[in-house]
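Below: the structure, in structure tokens.
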Amino acid sequence: MASKTALAAEIPPFVPAERLRASARPRWGEIAIRGFIAACGLFVVVATAAVIMFIARAGVRGIRDVGLGALLSGEIWKPEANVFGGYPLIFGTAISALGAALVGAIPALLAAVWVSELTPKGARSIYRRTMEVAAAVPSVVYGWLALVHLVPQAEWVAHALHGEDVQVSGEGLASSAVLLGIMIAPTVFLLSLDALSRVPGTLREASAALGASSWQTAFRICLPGAGRSLFTAVFFGFARAAGETMAVQMVIGGARRVPANLFSPTTTISTQIVMDMQNATPNTTASNVLFSMSLVLLVLSAGVVLISRVVGRWGSKA
Amino acid sequence: LLGACDKSQPPAPAATADASTSTNSAAVADKKEGTVRASGSSALQPLVNAAKEKYETENKGASVEVSAGGSKKGLADVASGAVHIGNSDIFAPDDLKSGLVDHKVATVGFAAMANKGPYSEKIASLSVQDLAKIFSGAVKNWKEVGGESQPIVVINRAAGSGTRTVFGNIVLGGDKFVESQTEDNSGALVAKLKQTKGAISYLALSFKDDELKTFSLKGDGGVVEPNAANITSGAYPIWSYEHMYTKGEAAGSTKAFLDYILSPAFQDNVLPNVKGFIAITQMKVSREKD
Amino acid sequence: MSTLAELQRTRRRHRLVETVLERGLATGALGLAGLYILGLVVLVFRGGHKVTSFTVFPSPLLDVQGEDVVRFVMAASIFGSLAWGITALARRLFATALAAHRSKLRIGVVVVAVACAALFRDHLPRFLIALPSDTTAGGGVGPEIFNTLYAAVLSTAITLPVGIGAAVYLARFAGGGKFVAVVRMALDTLASLPSIVYGLFGFLVFVVEMRAGYSLLAGAFVLALLNLPLVVGVAEESIRSVPGELEDASLALGATRVQTTLRVTIPYAWPGILSALVLSIGRVFAESAPLVMTAGTTISRADAYSLNPMRGGETLAVHLWYVNSAGLSPDRADVSAGTAAVLIVLIGATNFLASRLAHFGGRK
Amino acid sequence: MRATDLSVHYGSKKAIAGVTIDVHEHESLALIGPSGCGKSTFLRSLNRMNDTVEGIRVEGTVELDGEPIYAADVDPVLVRRRVGMVFQRSTPFPKSIFENVAYGLRIAGQQNARVLAESVERALRRAALWDEVKDRLSDSGMGLSGGQQQRLCIARALAVEPEVLLMDEPCSALDPIATAKVEDLVSDLRHSVTIVIVTHNMQQAARVSQKTGFFYMGRLVEVGDTSTIFTRPRHRETEDYITGRFG
Amino acid sequence: MRATDLSVHYGSKKAIAGVTIDVHEHESLALIGPSGCGKSTFLRSLNRMNDTVEGIRVEGTVELDGEPIYAADVDPVLVRRRVGMVFQRSTPFPKSIFENVAYGLRIAGQQNARVLAESVERALRRAALWDEVKDRLSDSGMGLSGGQQQRLCIARALAVEPEVLLMDEPCSALDPIATAKVEDLVSDLRHSVTIVIVTHNMQQAARVSQKTGFFYMGRLVEVGDTSTIFTRPRHRETEDYITGRFG
């Protein structure tokens, strides 16, 4: 190189100029790190397999002992008497999660549309910050608040609705649905906001340029555009509500029967698992059946989320 | 602001007290150090906690973990090896019995307790039949047992509860409770009873509370109050032993802790001061099973 | 098409509907946010009351190993953040006057923190130090705070390398093979498992099969597993958002893929990775069901502040549940409020620290 | 359409300053200039698309048929219905081809199916796309090729019968053949619509416009007949730019 | 550096076909052509940057100093140390200016602080950036202006003393003044480094290169002395392109 200064001569070249061949010595550090990275990928798979396998192994035994039909449709759950009818548990789980979706997810979604499309940027970040903190608040805190503040109100409402003669204490599906709704709303809100922010700004501009008001853009372009992700957000909230344990346990009452109304105590799968696992001897039917029920829960929430994701992916390819 | 502090006791034993006890227990120090884990009966928990506080302050390095959850959890835990001591209000069932060693540490009585309100003011006692009707769900209003009109809200203990088992066996002749609102734990149940109008449940006498109504038992021979005298004499039938099960013979720090609980120092001086519990030695009647 | 007048008419009609909707949605959104803000403020204040009730017992409460250190650290962080807050406020108010003394201020904050910690470590809010009490009033949450933080550290120690590794794998090294589809499927599955299932798994593996008893390590491991999909997801996204040109530039300088990943990609993606970590730490703080089944619900006096990960111990969230469903102490309403407030302050502090830390990551 | 002494600031940053320009009906004006000189900013202030940008400040006046579009009581939505816009990157909505074109009509309240169908066909014909898509109107607009997508966007803009059409580098992402098609289209359209087109390709400006304006650093350096600008520019900067001395 | 019958496929799509070209030492070659014609693809196959693209297939040979760089036992990392590259968008690492320039040396294993400092200074001087940044070497590289950033990237590439420097539209994101500076730099550098530069600005090609190649639809239509190409192109397509008839 012609213009090399005197300075350059002192410095050894970094690359032996004649050589392009790979050096004989393998780069061990490089190989180790690549190995670690791939191992991490493998770890994820192994861990998932392990979780599912451990749950399924005991769960399948439980199903074999009791019979799937009896387990899903039996109306009496009484492990102490060896009666395992999971219907009240499934019913409680499904209704309180659906209620939560209704009470929490849908308003959160609408709020997200409003905040994302129709408010100035400044306000948006305030909303986001608030909801981020609210989403991080532990569910037991929500549970405790509901126990202290919501349950007494529920008792009052129940008497107003069903008359003074009804036996209620405020614990039941209504309380748990409202609690779960309040609990999942921030998460659904944030997920929806993210989904909406992924709608390309160019589409909004194009719509505005055709003379659409921001409302028309929000509901005709952004909502359909983010549709699948919004769906996923709501489903995610639903799944989280279905899987919540401790907070629900604090307000749902714990009666193992199909409730007479929204205000009479009942139970959910996860609540009952925590309760019964405490005194079930491992490897007995009473214990295995709890794993069977957690399989049901797993199918319920994982199934819902997986389906919504698959639909989402399949849709985005089209 | 200060309320919370006032109620709490100043740290009772000064460091000096520790020093003195730790010298005399030096010989068995290697036994007492370490952690003893116990779980199970919430009825027994106040007693174990009292023992734990005393024991830990007297033996530096010793530590006792007590968690509640119900008698059957205690039995399951100790059988599986998850804890060293399983607390229980009931005798171990046959399938677990073989490997477990029973340590009866006290007895305790149980009684029906209810939320205080005008509807139950006039009812001082209930017969076993009344209780059976209430807890099986046959009777749904306080007026049917002599009170004013108010729906009865039955609150149960969870299925793993020894209290539930003992009370059910004696009052209902088995676990025939109406399925209703359920609490995990005696402590939580007390709170719930206090805040729910028309509520009734059953608790160990260690949880007897002035804010709750405690029912005496009406029988052929008159009304029997649930108190120590009636229990030791056998007049009041709803009581049980408090067991602390170990897996195999107790050893090491577990044995040291159990020894402490069974020692006269504890049984005679501490136990009588813990509300509701009666030392085994006081009992004039005995039982072989629940 | 339509005349101008017609246009104006339809537009007016639309406008009306929009105004009505607008009012409705705005009220809804405001209400929602307001509800949470109010709730948080009330929570912090209610519990703050409990937390700040300073002890009247100056000597150490209990002879627990490690308590001195914990007291000192606790005092240092309380007074440090107080001092920092005051100087930050002062800087904002007298920006020009103090601009020249930044480093002095910083040293000042540290000195104040250490001095106050030394002076006041025995006069801390009792609630923040004392052991919990199941039966009597006046129990604190000292070990719970410690356990919560320790569990967060333990679980992050697992999530961080594995999460980044898997994210890097998916984003940069995997290509598009069958195995990648399997990994993604696994992540999706993990993400949708209810936390109780993790709890059951941890209970089966650690407590039953391995007979390890309840241990923080088991809890941390289960939480790490629970957080993995979240961390991998966010980290992968932020790694993908690293401009390909930047990595190309590194490769064009003769860097290997691994060198590029370590020196360019990860530093650039760091803020995103950090926010994933904050989220996952938040979940460690918040989860209760899996911890109840793996780390247990008790505090043992002997090793309340021990670093031994094989001991069991409850975290703040578990304590909050336990106090309400199993505690016998008469002041459990107060204890709950205090615990909730401490939890929220911890979460807030973590978020704040992370937003500060993001600056050290590289980008800006 | 006339802009008088128009200045636009983004926060404290001045993007264009004191631009005065007059676009006559059914005339086509090309805007050229180096990157960042404010062409897009100017274009977007002609139909108040800039309103959505945070912290923007517009001074001066823009008139459409003599009416000031920045007056307080003017509804920007109505301005945009009369002044259409096509962007650099084609932005078909994730809807069918038909719905893409019908979108502008639907949001204006048109629901009559027959009217919609007719308008869509006319717009697609004007955009020289009808023959290529008439058999797959219900397919997604995103399945079209780049050039077709851009013409779809033009058809979409035409469907609401705007008086002015603004185009911001409509061909810069297209291949030569697609470019030629769009250029032909623009040349045809200028007989029925007023067109303002931004381009970085001076030859393109020469091919499609009657008038050309040269922007440089936020100012409109000069504007005049396209042939004049390219052969006898009055300013030194214009000459330097069109001869490729910079940019 | 010589490419012989080089073809590149992305999956089933052919990006360039049968390109043969010879770049002599210390010569500078400009590549021009419409968008998507394969200029970048060709450039990136000269230092095996294409290796990172999924599903790419390279046929033909490329030789550096007579050695085939696509031979099986060649380490692409070593190729890239000898054939540097600068991209269209400046890509400073989120590190200090000093660390940006030192990066290539550090990853090559150079740890000696003095050597690093000297090499960084020399590289920055060669990139005509030293005087502007010498007082703030520890500031972030991302705080520089666009033109400075691009010269920083050039300095970074020069620091490892490559024999060939590939530049892919290095000025297309820069303002006129920055463009002029980078063009001056390229003109200077060609005395010490072989340069292959892709540009969409034909005037730029004319200003900085001795030779020019015209790509069209994946083929190298013609290559020759810059003055010849711009005044007497042999092919019709070349002429159409340089007179702005398309592209």
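Order of writing sets the labels: A, B, C, D and E. Residues in every chain begin at 1.
Just so we're on the same page, a residue touches a chain if its C-beta (ideal position, glycine included) is under 8 Å from a C-beta of that chain, and two chains touch if they have at least 3 such contacts.
This is a predicted model, so every value here is computed, not measured.
**Student:** Starting at chain B, find the fewest moves between touching chains needed to arrive at chain D.
**Tutor:** Between chain B and chain D, the shortest chain-hopping route counts 2.
**Student:** Work out the mean Cα position per chain and let me know which chain is farthest from chain A.
**Tutor:** The most remote chain is E.
**Student:** Per the contact rule at the top, check every chain pair and give me the one with the most C-beta pairs in contact.
**Tutor:** Top of the contact-pair ranking: A-C.
**Student:** Computing the C-alpha centre of each chain, which chain sits at the greatest distance from chain C?
**Tutor:** Farthest by centroid: D.
**Student:** Go ahead and note the Å separation of the Cα centroids belonging to chain A and chain D.
**Tutor:** About 45 Å separates the centre of chain A from that of chain D.
**Student:** Please work out the Cα centroid separation of chain D and chain E, and write it as a whole number of Å.
**Tutor:** Roughly 35 Å, centre to centre.
**Student:** Taking the mean of the C-alpha atoms as each chain's centre, how many Å separate chain A from chain E?
**Tutor:** Taking the average C-alpha coordinate of chain A and of chain E, the gap between them is 49 Å.
**Student:** Could you put a whole-Å number on the gap between the CA centroids of chain A and chain B?
**Tutor:** Chain centroid spacing, chain A to chain B, equals 39 Å.
**Student:** Can you list the residues of chain A that touch 2 or more other chains?
**Tutor:** 15, 213, 216, 249, 282
**Student:** Quick check: what residues of chain C touch more than one other chain, meaning two or more?
**Tutor:** In chain C, the residues touching two or more other chains are 14, 208, 254, 256, 259, 324-325.
**Student:** Counting only residues that touch at least 2 other chains, which ones in chain E make the list?
**Tutor:** 78, 81, 108, 160, in rising order.
**Student:** Can you list the chain B residues touching chain C in their complex?
**Tutor:** 1-5, 7-11, 15, 18, 33-35, 37, 42, 45-46, 49-50, 56, 60-69, 80-83, 183-188, 190-191, 207
**Student:** Along chain D, where are the residues that touch chain A in the complex?
**Tutor:** 47, 49, 52, 54, 77-78, 80-82, 84-85, 87, 89, 91, 93-95, 103-104, 106-108, 140, 153, 156-157, 160
**Student:** Give every residue of chain A touching chain C within the complex, in rising order.
**Tutor:** 15, 27, 29-30, 33-34, 36-41, 43-45, 47-52, 54-55, 58, 107-108, 110-111, 113-115, 118-119, 126-127, 130-134, 136-141, 143-145, 147-148, 182, 185-186, 189, 213, 215-216, 239, 242-246, 249-250, 270, 273-274, 277, 282, 290-291, 294, 297-298, 301-302, 304-306, 309
**Student:** In their complex, what parts of chain C are in touch with chain B?
**Tutor:** 49-50, 53, 55-57, 59-63, 126-127, 133-139, 207-208, 211, 213-214, 296-303, 311-312, 324-328, 330-332, 334
**Student:** Across the complex, what residues on chain B touch chain A?
**Tutor:** That would be residues 69-73, 75-76, 79-80, 95-96, 140-141, 151-156, 158-160, 175, 179-184, 192, 195-199 of chain B.
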